[in-house]
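For reference, chains read A, B, C and D in written order, and residue numbers begin at 1 within each chain.
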């Protein structure tokens, strides 16, 4: 029998398809992965520590910097935790603004996810076509918030501003156009036989394992587990919208990818309904909250569904203006926990496919 | 059948005499009964999804509070379980055998807070350098540097 | 049938080949900048009461201001933003009680030298006594400092002066 | 009038040198021809990079390079100029001789191949009677050079890339040769001009469609283009065998890829698209222009393939080569043989 020698390959920290500074120490037998050790922390900025020396409002811009592709959703989770701590009631209009801007953020994030995934598999065109629509999304968000990526739009008790004149119609028009674009990606990427050959039956994640390993978001739903917080325990006003939760069957890379693809169509549905409903609502976009926030002593944990999975904020207050402790349950970080077992036995090319299908965001992994 | 978090917490309070329930309906478990309680939570009550695990440092009370947020996928509610660890001897049994999701979260808590989880298969620093000294999220952590 | 997706993909790229392009030829053409854009800061000195709320609201301690008491009112002498630390979150603009601090649509804040990065919005000397009872801050009889950039009441001018230093 | 432009130039040169002995005369003309081809290939490779970027841009809702020179036409020249100025970094663990030899040699097989390619009527530099055999033999040499580059780099990514390159080239050489066999059986000659002449009435793409498909796929794979660009798979292997190369050494590999494409397109044109023959009797367009038109159409298709399809995985690549293409090409030979037998038996 031929005796082969295993060798180590440093996959990253600087590698085109680790989506940031992430290192995978692969032990390879030929091209087959024997063992993989994910090493993260290259982007660790200590946001949890920084938060302890900032006031409650000042933390909002820092939460942007975690998942900077869907910044609004990060803001939202944080302000929800603080609102729960303080017992603030959020005005209805603010909730709608949060839904619209949050879903647009989710759309931007999913567009990046599918674009970069097609790039990981080797099709460059899907990447840039997805970016074209993302650009429009960013333009819309820029018009609303003033920034393109780090929005800092949510405030404790509401949102920073109302929609500018005509903005809702612009969003509506964009939503009308989007299904055609998604069809185009479907034709170019999802329907492609080579793409399917590359992603089907690769990196299979069983539902029980996914639940056991606390995996969330499209990665969990790709395995067929129906757990979307927007449906499972509707926060905000999500119980007013009619939408579906796309689920996969086999839990392979293709299902995870396809879940995101189908989720984008659900985003369109949600945003369209929200725009329809917000037009009938008048009122402030921010609740009456004191300028200096001093939540009562205690702690609160609140979680919402972001584009990557469940983001949870655990905020402890000691009664002062600054939080005693802020912890963030970052979906990308926890989704990576099972990566080692997922990669074993696959080829180097599949490593890229599996890592890409989890859709990690290194700002969030390293916090 | 238990349909929401408060009902579950009430039932838990009746069934296990060693736990406490505080006013925010979080369950407080003594550290030595943690594994037993968690196993029961998973097996008997279908709380199969460890959403979040973290810790907070309370030097004034000389303790670390470790917080577990556990959800049920089926019913979609979350309960909060807390336990305290002595600050001088921060050792706690790992819940990794119960929920695999604790794997990286416990590593992170170990890394930033310095709580040693006994029974964890690979308790190593995860965010900071392997040779880093100290645990930054402890309140008494001193550091140099910064801009001002 | 196998190959349908492959043909479909080729059709889409062929269609895209003739479709209109999304590229914007940047320096010649520019996307319109929305009104809420977070660009360079502008301080309206007529409104500023030098309360320091913006400096307190900043998460990153970007703003440093110095003031002097002239008569009964506070007189702003120095207002510097260490823009290299700025996150452009807009919390300072939001916190301003007199609506004096604004974002402008200026996107270019590049400087050739690191020392020139801080955005000097105000740099002037306080008058010895209140000039006019009604509007003390409106027209300060400011003396140019040793610095070449003559400070003026108009913050825009001061700000553009700061960027003029680039070539020096 | 332009029909015999290049032939006329060669004849003019010959008569200009009429005073010299015949051997020297021939040698000089041959030298001029080869230099002309050399310049043609290099310039072509340069512009093909531009074409690739432009095509890619247009397919991706961009407009591609458009700043350097009119419509960005001088972009690649500027790029090459920059790359020439850059330092070639040779890190300390490389096998220096082999490392530098690889980019030097990478153009050799490609350029040698062009000696036998007929660009138009009577426009092959050397019309060898074993032209096709020569072409196949030389073209497969590039495997060695990629292996040299990957091995000498002493980098695991390069090593993986070059291992893939050897495996891929060897396994796709086979269906490629077997596919050509169908054509050779019909023409009965290995001479390029004979093969083109045999397509006077029908191009071989119609009589040998399966052979065309196999040959096309295999040749896309031979020049390492997507969806078979495994050896440089930028999302997996960073840049494959040329990860460690920089400056002009990198540019040589980069340009060689396009020169290789040119060979492949020329071969597809000669073997299946009738070479320089004019279709529909449109022979007012000179033969060499027809050759180029056909060649660039094939080139465009290859480029479109690259910008449409994802990359295939290495085990699928091998499986596809050995389990699909080789049996298919063997079957093609068999069918061609039977067909020819029946054809002759009927005497149609």
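Following the convention adopted for this analysis, a contact is a pair of C-beta atoms (placed from the backbone, for glycine too) under 8 Å apart; a residue touches a chain by one contact, two chains touch by 3 or more.
As the structure is a computational prediction, the values presented were derived from the model and not from experiment.
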item: More contacts between chains, A-B or C-D; value: A-B
item: Reference chain D; chain at largest CA-centroid distance; value: B
item: Chain centre separation in whole Å, for chain D relative to chain C (CA means); value: 56
item: Whole-Å gap between the CA centroids of chain B and chain D; value: 63
item: Whole-Å gap between the CA centroids of chain A and chain B; value: 24
item: For chain A paired with chain D, centre-to-centre distance based on mean C-alpha positions, whole Å; value: 45
item: Sites on chain A at which at least two other chains make contact; value: 125, 129, 132, 188, 192, 194-195
item: Overlap residues in chain C, where contacts from two or more other chains coincide; value: 6, 9, 12-13, 16, 22
item: Multi-partner residues of chain B (each touching 2 or more other chains); value: none
item: Of chain D, residues touching chain A in the complex; value: 56, 59-62, 156-157, 160, 226-227, 229-230, 233-238, 307-316
item: Residues of chain A touching chain D in the complex; value: 7, 9, 15-17, 31, 118-125, 128-129, 132, 188-189, 192, 194-195, 197-198, 347-352
item: In the complex with chain C, residue positions of chain D that touch it; value: 55, 57-63, 66, 304-305, 307-309
item: Residues on chain C engaged by chain D in the complex (per definition of touch); value: 6, 9-10, 12-14, 16-17, 19-23, 25
item: In the complex with chain A, residue positions of chain C that touch it; value: 2-6, 8-9, 11-13, 16, 22, 31, 34-38, 57-59, 87-91, 94, 103
